[in-house]
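What follows is a pair of complexes built around chain A, which joins chain B in one and chain C in the other.
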Partner chain A sequence: MLAFILRRLVQSVAVLLAVGVVSFFLFRYVGDPINAMVGQDTSQQERDALREKLGLNDPAPVQFFHFLVNAAQGKFGLSYRTSEPVSRMILERLPATLELSFCASLFVLFFGVPMGVYTGLYPRHWSSRLLQAVSLIGVSLPTFLIGILLILFFSVMLHWLPSFGRGETVDIGGWTTNFLTRKGLEALILPSITLGLFQLTLIMRLVRSEMLEVMRTDYIKFARARGLTNRAINFGHALKNTLVPVITVAGLQLGALIAFALVTETVFAWPGVGQLFIQSVQFSDIPVMAAYLMLIGLLFVVINLVVDLLYFAVDPRLRGGGTARAGGH
Partner chain B sequence: MTFSVRHSVAMGALVCAALATSSAVEAKTFRWTNSGDVSSMDPFARQETFLLTFTQNIYDPLVRRDKNLKLEPALATKWGQVDKNTWFFDIRPNVKFSDGTPLTADDIVFSLNRANGPGSNMGSNFASVKEIKKAGDLRVEVTTKYPDPLLADKWAALGMMSKAWAEKNNAVNSADMTKNEENYATRNAMGTGPFILKERKAGERTVLVPNPNWWDKPTHNLTEVIFTPVANPATRVAALKAGDVDMMYEVPPADTESLKKDANVNVLEGPETRVVYLGMDQERDELVESSVKGKNPFKDKRVREVFHRSIDVDAIKRTVMRGQSFPTDLMVAPGINGYMKDLDKRPALLKPEEAKKMLADAGYPNGFEVGMDCPNDRYVNDEKICQAVVSMLARVGVKVNLRAQTRNLYFAKILRKSDGKPGETSFYMLGWSPAQTYDVHNVFEALIQTPNAATKKGMFNAGGYSNPALDKLADAMEQETDKAKRDDMIRQATKLYVDDFAYIPLHQQAVVWAARKNIDLFQPADNAFPLRFVTVK
Partner chain C sequence: MADWFRRAADSDIWWSFKSSPLTVVAAVATLLIILVSFLSPLIAPHTPFDPGSLNLSDGLKPPVFVSDEGDWTFPLGTDDQGRDILSSIMYGTRLSLVVGFASVIVAMVLGIALGLVSGYVGGAVDAVIMRIADVQLTFPAILVALLIDGIVRGLISVQRHDEIAIYVIVGAIGLSFWVQYARTVRGSVLVEKNKEYVQAARVIGLSPVLIMVRHVLPNVTGPVLVIATLNLGLAIISEATLSFLGVGLPSTQPSLGTLIRLGNEVLQSGDWWITVFPGATLAALVLAVNLLGDWLRDALNPKLR
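After this line comes the complex of A and B, so read on.
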């Protein structure tokens, strides 16, 4: 058990180091940050002085070493663009992204699972086919287009929901939340749908195929033979058994929702870390970009680690040191 | 498992659906948006129009620009030159900072030194300055190393800060990028200006409220200003149409027409002081990217003339710019001191056969090939303009190989290096506005004078055009304080570069703003957006 966890941890550190190398060297080639930092009319002397001060004249390995040492302490320096500390910029924007991703996940689970169950139970019904067809929109339309269409319909034409931004937020000890004001909640609706639509389709189809699979198994037939109600069979037995893979996928997708929120955030001017990243790319703001990539890398590593440990808890075969024992159902 | 999923779904629905608290809608709130955020609240953080003009809503300068870009008194009631090398500024009496403390000459001296100090990006405005000193409670005197007739113009961009406030908050200098600590002035601001910073959430929203103790009579009627950056142009347009914002700028050219048709929206268009132009490498003996070997075709004035007179700026205006450009043949725009209207006449377009004949006379009967560099995210429709140029030159037998790329890579490639070596380009596009001084000398010094790494002149003259007579005139006008003499020098120098076909000026791009019908505002040509001119009906 301990060896398993240790092995996983070592692997995680290796992955993070690799992310660090990639992000650091990638950013050395996105353009000269000096040009982005100063106005076009700034004299060459000032440019040179700034370059020297920022250590951009040091050899690459030296710069990378400094970067790693500081990153390990959570110090990513000051943003080239705003001269604010990078770690605080990210921490301030994290709540916006996390709340958006959380609401998008709720939307996915709340709609995706029932839709999957329904289409799995009645695969030939016309409404199932309609849902299947409509859900194709979720995978085939690009996110930014979905976002713009939603804005056009619900904000510009109907004036029901705000077209951009977080609305009103409440600050609770440094965590700004949307959940406590009406405007904040309204502002969450369109971005959450936009962000979640792709995953919704995915989860719905996953649940559907799992349901189709499960409904064919013997124990469902026996359950029917025992005269259990449809409700008990569908939800008590069938759905329960489909959920193991669904939860695994949903967990991993949460990471994806956070990482890929950047398109949605850009469309809705949602002040989260994704939008921060996009702004930083435009300005070659290397410290922010590096910190963001490291954060996303960390996020995926942690989620993977947790999922691995969950498998360990769920699957008894792993616990026996690889030797499978007879049992289960 | 089932149970826990149900449970969390139910909880989420509860959180996401319930809870209704309403907020009072305030009168005369002005909400506006732009593609990017102000990068800092420190007025000296960057030499950049948006930052300088935004912070001027909070920090007043000594002298400010009126609606026609002419200087008018702000914190200084009088200013001028005592003698050739001494400037004076008389400070307006009884001005108070928004925290209630009085403004004195000490604050002005402090602010100017801060702008010229470490961390500040404004140092280039102080090249001529020897000493700044207090000469009485309400008078500041500045001695210069050489006569500088443009000092007041340069300083019209500098907001004045409170010495006591900066000292109390450890913000005596601008943010130092080499230290991992934040400067208080990056997120906070306190000046004498028409507005007070109420809330600052970088990248999210910035809220200003009027300063009740402002020294000037407010021309606006706002009670609150909310600025939100929205990067995506389609969202910006949608937000304006939906009425979620009252005003936006940087209207995407493609959306201008649809906004004009919207009954609730006004579109404002005006020429910007920036001139977008093309430059040619006239420095190297052989171009970096060309089929011509052993010589440089752009050194031949006839070739430059063919290029100049084969590019149809009116066609570019009609097609690429959708009418939103103001063609020009000079390197400065109207509104800039030194613009000569009578010299702004574009020579007639050449017919393709005429152009081909001129090229043949110059030794290129079959035309030639040349590489062209172009940014694709810097100026309005930059890449499309370059594509149009490529096809116009193809008609006269010049094959142009276009490389368009993002601005950071682009500028690094084409601009002159600090040791004076030219950038790697043969034919390129740039835009320039003398935003520091609003005077043509800046254009001569930066773009047209012979590049010289020692004097730092001509450092943005990427093509290396060189004319000793013009160099002399430009150096002389820098220090000439007699207006008539100076204007004559400007006229002579302008003729020189026009006759040499040194550059191919294209146009001023239009500044396009859009606002709801109930908003009344003024659009200056320097792309500034002073909130003091906004009224909400």
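After this line comes the complex of A and C, so read on.
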């Protein structure tokens, strides 16, 4: 088990380094850091002096090393667009994105898994077929269109829910939260549904097909023969054995949720990091793009690692296999 | 030619196509959308992006079938500039389709080439290509496309970017979708390259390029075709999403995504038709293409026969 985790760690570091290289090339060669820092009337000598002082004349590997050291400390320089420190811009907006992604994943798990179990247990019932058909349409609708349609019905026509922004937020030591006010919670509903719907259909289809497969196996028949209740069979035996692939996909989808949040954030004018990234693409604000890239890279790597570790918690065979091998040597 | 038709009509694929009504509907819908949008310069009632033909007093007319204010010259209503929604959708669908097809072709050519090289040459070349693929797979395709677009914007001026926007978008989406083709082709090449016919070709002294293109490639077309069809839907959605986010096609050259973005800006005032009709067209197009892709995947899968 330790060897497995170590190997995964090395792989994660390699991926992060690759992302770092891309970010560095963006940062250093696509934009000109000097132009962003000085005014129009700075003389060529002053520019050259600044270039020397910032180490921009050093060999590329040395610069890359400095870039990584700075990135590890969260220093990505100043935004070309607003001249604020990039790290502060991102930190200010991170709570909004994380809370939105958290609510969306709750929505996905609380609706997706039960819907998948239901359609897997009763595949021929008309309601299961309806859910299947709706999920196919859900996959074909782009996220932003779902958001627009929800706004049209629930905000413009019915006036039930707000259509943009975070509503009221409470600031707790730099972390702004939506969870403590009624308006804040209301503002979360439509964006969370929009963000989660695609993943919901994915999880539902996955749980459904896994359930269909498990319900055909012998141990389910034996569980019935032993006279266990349906409840114990469906949830204790069947669902538990579908969890490994579901955890994999759900974990990877959590990363996708945070990345896809940029579309939802644009539709709902949600002040998160995704919206910041879109603005930085429009203005080719390279430092922000590089920082966002590193952040998302780190996030995906951490999520992949956690998913791998969760396997050990869920699947006793892996745990047993690992210790048996360790004991055998 | 007649012989070819007879053989096609007798094939398994055609039979499986005929016996799935949903697929037939999807195919007819796809063909209809393609036909109507590509004939739009001939059959569209208006030329919405010729500023001279616009009249602001025609602005914000509702569709004819919901309100008496509607006007049969503009069956689906007009936007705030007085552009006919129906004609805008026809021209916009054409652009969405062109970008979708073009980016699928870019991704396919790139993916097949890298997959062939990776599988046939092996060694360090294979390792480098596949590691790049792994890292790229870590990120969602739309993020990669956005990043490429952002880089291009950093390198050229805004005005120049608007002129070449369509090529930038095709390149960005194409570059974000190549991995799947490369992996599939590489896998098939690894299987094929040890078979006797490839060894025979090598023995008679054919060049590696010729062996790859003439002998190995025809044997991997099935899976590649399935990926291409399924990716067409994704590519159309990606283009629409990028255009919606304002980093895709400019409003002087609007695709369905751009039309939805323009409509979204006036959505709060309740003029729903400017957004809903392009949105419905996009959804119908993607749904039809996805249904075709699902069918093709099952039809070409020998396990399901």
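Criterion: the second predicted complex is superposed on the first by the 254 of 329 C-alpha atoms of A that agree within 3 Å, B and C clash if a C-alpha of one lies under 4 Å from a C-alpha of the other, contacts with A are read in each partner's own complex, and residues count from 1 in each chain.
Just so we're on the same page, a contact is a pair of C-beta atoms (placed from the backbone, for glycine too) under 8 Å apart; a residue touches a chain by one contact, two chains touch by 3 or more.
Given the structure is predicted, the values throughout are model-derived calculations rather than measurements.
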**OP:** Figure out whether A:T201 sits in contact with chain B (first) or chain C (second), or with both, or with neither.
**Re:** neither
Original post:
Counting only touches as set out at the top, which of chain B and chain C does A:V15 meet: first, second, both, neither?
Top reply: second
**OP:** In the overlay, answer first, second, both or neither for which of chain B and chain C A:Q45 touches.
**Re:** first
Original post:
For chain A, which side has the bigger count of touched residues, chain B or chain C?
Top reply: B
Original post:
Between chain B (first) and chain C (second), which, if any, makes contact with A:R182: first, second, both or neither?
Top reply: first
Original post:
Counting only touches as set out at the top, which of chain B and chain C does A:V113 meet: first, second, both, neither?
Top reply: first
Original post:
Looking at the overlay, what does A:S101 touch: chain B (first), chain C (second), both, or neither?
Top reply: neither
Original post:
Just chain B (first), just chain C (second), both, or neither: which does A:L149 touch?
Top reply: second
**OP:** Kindly classify A:K240 by the partners it touches after superposition: chain B alone (first), chain C alone (second), both, or neither?
**Re:** first
Original post:
Where does A:S284 make contact in the superposed view: on chain B (first), on chain C (second), on both, or on neither?
Top reply: both
**OP:** Check chain A for residues that touch chain B in one structure and chain C in the other, and list them.
**Re:** 30-31, 144, 148, 151-152, 156, 163, 266-267, 278, 282, 284
Original post:
Given the complex with chain A, which residues does chain C contribute to the contact?
Top reply: 131, 134-135, 138-140, 142-143, 146-147, 149-151, 153-155, 233, 237, 240-241, 244-247, 260, 264, 267-268, 270, 272, 275-276, 279, 282-283, 286-287, 290-291
Original post:
In their complex, what parts of chain A are in touch with chain B?
Top reply: 30-33, 35-48, 50, 53-55, 70, 75, 77-78, 80-85, 88-89, 92-93, 102-103, 106, 109-110, 113, 144, 147-148, 151-152, 155-156, 159, 162-166, 168, 179-183, 185, 188, 235-236, 239-240, 243-244, 247, 266-269, 271, 275-276, 278-279, 282, 284
Subject >> Of chain B, residues touching chain A in the complex >> reply: 1-2, 5, 8-9, 12-13, 15-17, 19-23, 33, 36-37, 39-40, 42, 45-48, 121, 123-124, 174-175, 177-183, 186-187, 201-205, 228-232, 234-235, 238-239, 241-244, 377, 406-409, 411-412, 415-416, 418, 432, 435-436, 442, 446, 453, 456, 459-460
Original post:
chain C touches which residues of chain A in the complex?
Top reply: 14-15, 18-19, 26, 30-31, 136-137, 139-145, 148-149, 151-152, 156-157, 163, 256, 259-260, 262-263, 266-267, 277-278, 280-282, 284, 286, 289, 293, 296-297, 300-301, 304
